[in-house]
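Each of the next two complexes has subunit A plus one other chain: subunit B in the first, subunit C in the second.
Moving on, here comes the complex of A and B:
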């Protein structure tokens, strides 16, 4: 009887996989929520400010959008660690992924705010609304509807990009599967399975998005 | 009462209003006519504090519109304004469109605001459209919604800025009918319009604007029926023929 270092995939691994799935969902939700809130604020500032402020903000955001996420993750974690503040991979990953999401969301929201014609804002002000009331009741809801498909696109790609947080040691779905692969040597089955899980997480969202979009198109 | 005294307004180097004097008494309908670029719309924007002025004074019920201490948001509650573009809120139903400002600006309860909105919508003939989204309606209907939306704020004055200019010709009538309705209600109105026949019919006073000044002002029969100034005659002969 041969002795093997490897043990095949079994049902006992399911809770391990489930934890990985939950961690993926967890960090994605955190990044999407924080990225959306910050992105809405930054997008609003960009829509409202002059071209100099815009150029400054734009170039900062461009860095975050143009440098590959994996490099940002490694740089941030190593640098912060080297400074003497080692961060939990979840915290470090959340920070980097949220900022990365914010950079994309700010463009989405900026386009949304700019999609509301100035005459609509004037008409709202002429009804006695204050500046902030037009933002809250007119510009934000109309802007969000206009860019909802783009928002969803960014959110879906964040779920997939969250796989990269595995490089700094966060036990999300991909890293979980890598560990299983090294134990079982069954990369084909596991990676296909993981791919299906990402699909299962993302697809309902995109279906839901299409439904919302149809409703909003009224 | 609206009192406009010596109002000057420029955009950069471009002088748009060069000393406008105009009084609008309670219950009066004043029509402002004139070529494009004559400053007619700008005057409405200045009355509603959407645009600043460089010189002169505009008093609405003795409140100085452009004084530093004036709360312009509060002032605008007195002044309903309807524009060339109807600007319906696309994310709200017709009823919600009309009830929004009373709720958030006047802090009325939802029921109260809906009640008033319904009344105003019925008044302008949109009683069967409460739950429709405005993008499903014609321009004429949306413009009537814009009027009802302004009326729901219970303004003391209504300012109309070329409200029929962006409409298909067959839809102009229904909007003008709505304005007639308001006149019959006794609403104080300033209408900037290209509809000369309409201006003649509904107005107590007509002001002809030319290059930032009031060239001629008087009753409709004087200004439109029997203009004295050459520029007024020229303008009218162009638009009436």
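Moving on, here comes the complex of A and C:
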């Protein structure tokens, strides 16, 4: 078997790996933050608008969910390259990943805003709140709390999908490990390390999400 | 800068692209079918009282759910080489997709099963139904009604994720597109066509799953 404790990896590689980890965290955080903000806005618009606008917005966003992320990334970078505005892989990756996140988040937030009972909105309006006060103090807090577990689920899937940004040349963790593999020829050891990294980020959060969900169900 | 589109190069390669789309469809269908079978066992294991089964299926499910799909594919393609197992790109992608599908579907099945109240089981027993009859007429139909939507989603997800075959040189829709565009460098056109094809495939699946569900559940989903 090829598993051995002797490895051509040296301590110098640890900073290389660390840079990969930081890049993965960095792009995931950027995509989740931008995607959440945009998703909340689009979700609010969708919850507020009539059936036809909702359907139109929904079908546009649906494209982002029906085409593989990898194709979206390649298409976007090739397109802006062909138009003469080549972008840094990080920026191009963040844009595509943020839009992708937004498509999922808008659905999550729409469900959240729609979960607030209309009678509650009427009640707050009758107490003299303005429309925006109702949104700020009633719909937003209640709606967000209701969808927190699904929000966490989408955020976790974005962390995992951020691995795909490697196709356009962004040096995130998986691409870093791939380069180390091609140098050391020890795929198993390096990949197990990468897997453990993703697992220790994702698993506690998913457990936390499940706990919140269970608490809310009671 | 102006970009001139050359679509005829893409249309000349249409037979190859359609063939590749068929490979995509067929690897996802296969990964779903095998995934469902394994998922049933995993769900049973997770619900069983035997600690070993519980632990084993728990590990499988959590690893599948908490690591990226690309990682699983790399693991199958590069990682297994350390054990002397050299999978072709096709089998690497297929086995990774089966692994993940089984993990996700097991949770879906378990959730669907647990959502049916235990009282229904006792009630049908008290009506004189045998164990097989209880499952056949009471438990499974209700369960399927609850899980058909997550299952369709998983199928669509499998199709989208099979596109990762591009990274290990598998000739499914993305990989074939990559190969064909490298012959002519009409990257934009080829990937646009591939994107449209993926969109059509996923929409086709969602719509047909909806129709099947409506037919099976007689309107009330």
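In the analysis below, the second predicted complex is superposed on the first by the 197 of 218 C-alpha atoms of A that agree within 3 Å, B and C clash if a C-alpha of one lies under 4 Å from a C-alpha of the other, contacts with A are read in each partner's own complex, and residues count from 1 in each chain.
By definition in this document, a contact is a pair of C-beta atoms (placed from the backbone, for glycine too) under 8 Å apart; a residue touches a chain by one contact, two chains touch by 3 or more.
What you see is a predicted model, and the numbers here were worked out from it, not measured in a lab.
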>> Quick check on the superposed pair: does A:71 touch subunit B, subunit C, both, or neither? Answer first, second, both or neither.
In response: second
>> Can you tell me whether subunit B or subunit C touches more residues on subunit A?
In response: C
>> Quick check for you: in the superposed arrangement, does A:84 touch first (subunit B), second (subunit C), both or neither?
In response: second
> Looking at the overlay, what does A:203 touch: subunit B (first), subunit C (second), both, or neither?
Replying inline: second
> Looking at the overlay, does A:183 come into contact with subunit B only (first), subunit C only (second), both, or neither?
Replying inline: neither
> Can you list the residues of subunit A that touch subunit B in one structure and subunit C in the other?
Replying inline: none
> Which of the residues in subunit B come into contact with subunit A in the complex?
Replying inline: 48, 50, 73-74, 76-77, 79-81, 83, 85, 87, 89-91, 100-101, 104-106, 133, 135-136, 146, 149-150, 153
>> Give the list of subunit C residues in touch with subunit A in this complex.
In response: 1, 3, 62-63, 65-71, 74-75, 78-79, 81-84, 156, 160-161, 163-164, 166-167, 174, 187-188, 191-192, 194-195, 198-199, 202-203
> So in the complex, which bits of subunit A are touching subunit C?
Replying inline: 1-3, 63, 66-72, 74-75, 78-79, 82-84, 156, 160-161, 163-164, 166-167, 174, 178, 181, 186-189, 191-192, 194-195, 198-199, 202-203, 206
> Which residues of subunit A touch subunit B in their complex?
Replying inline: 117, 119-120, 122-130, 133, 137-138, 141-142, 145, 216, 218
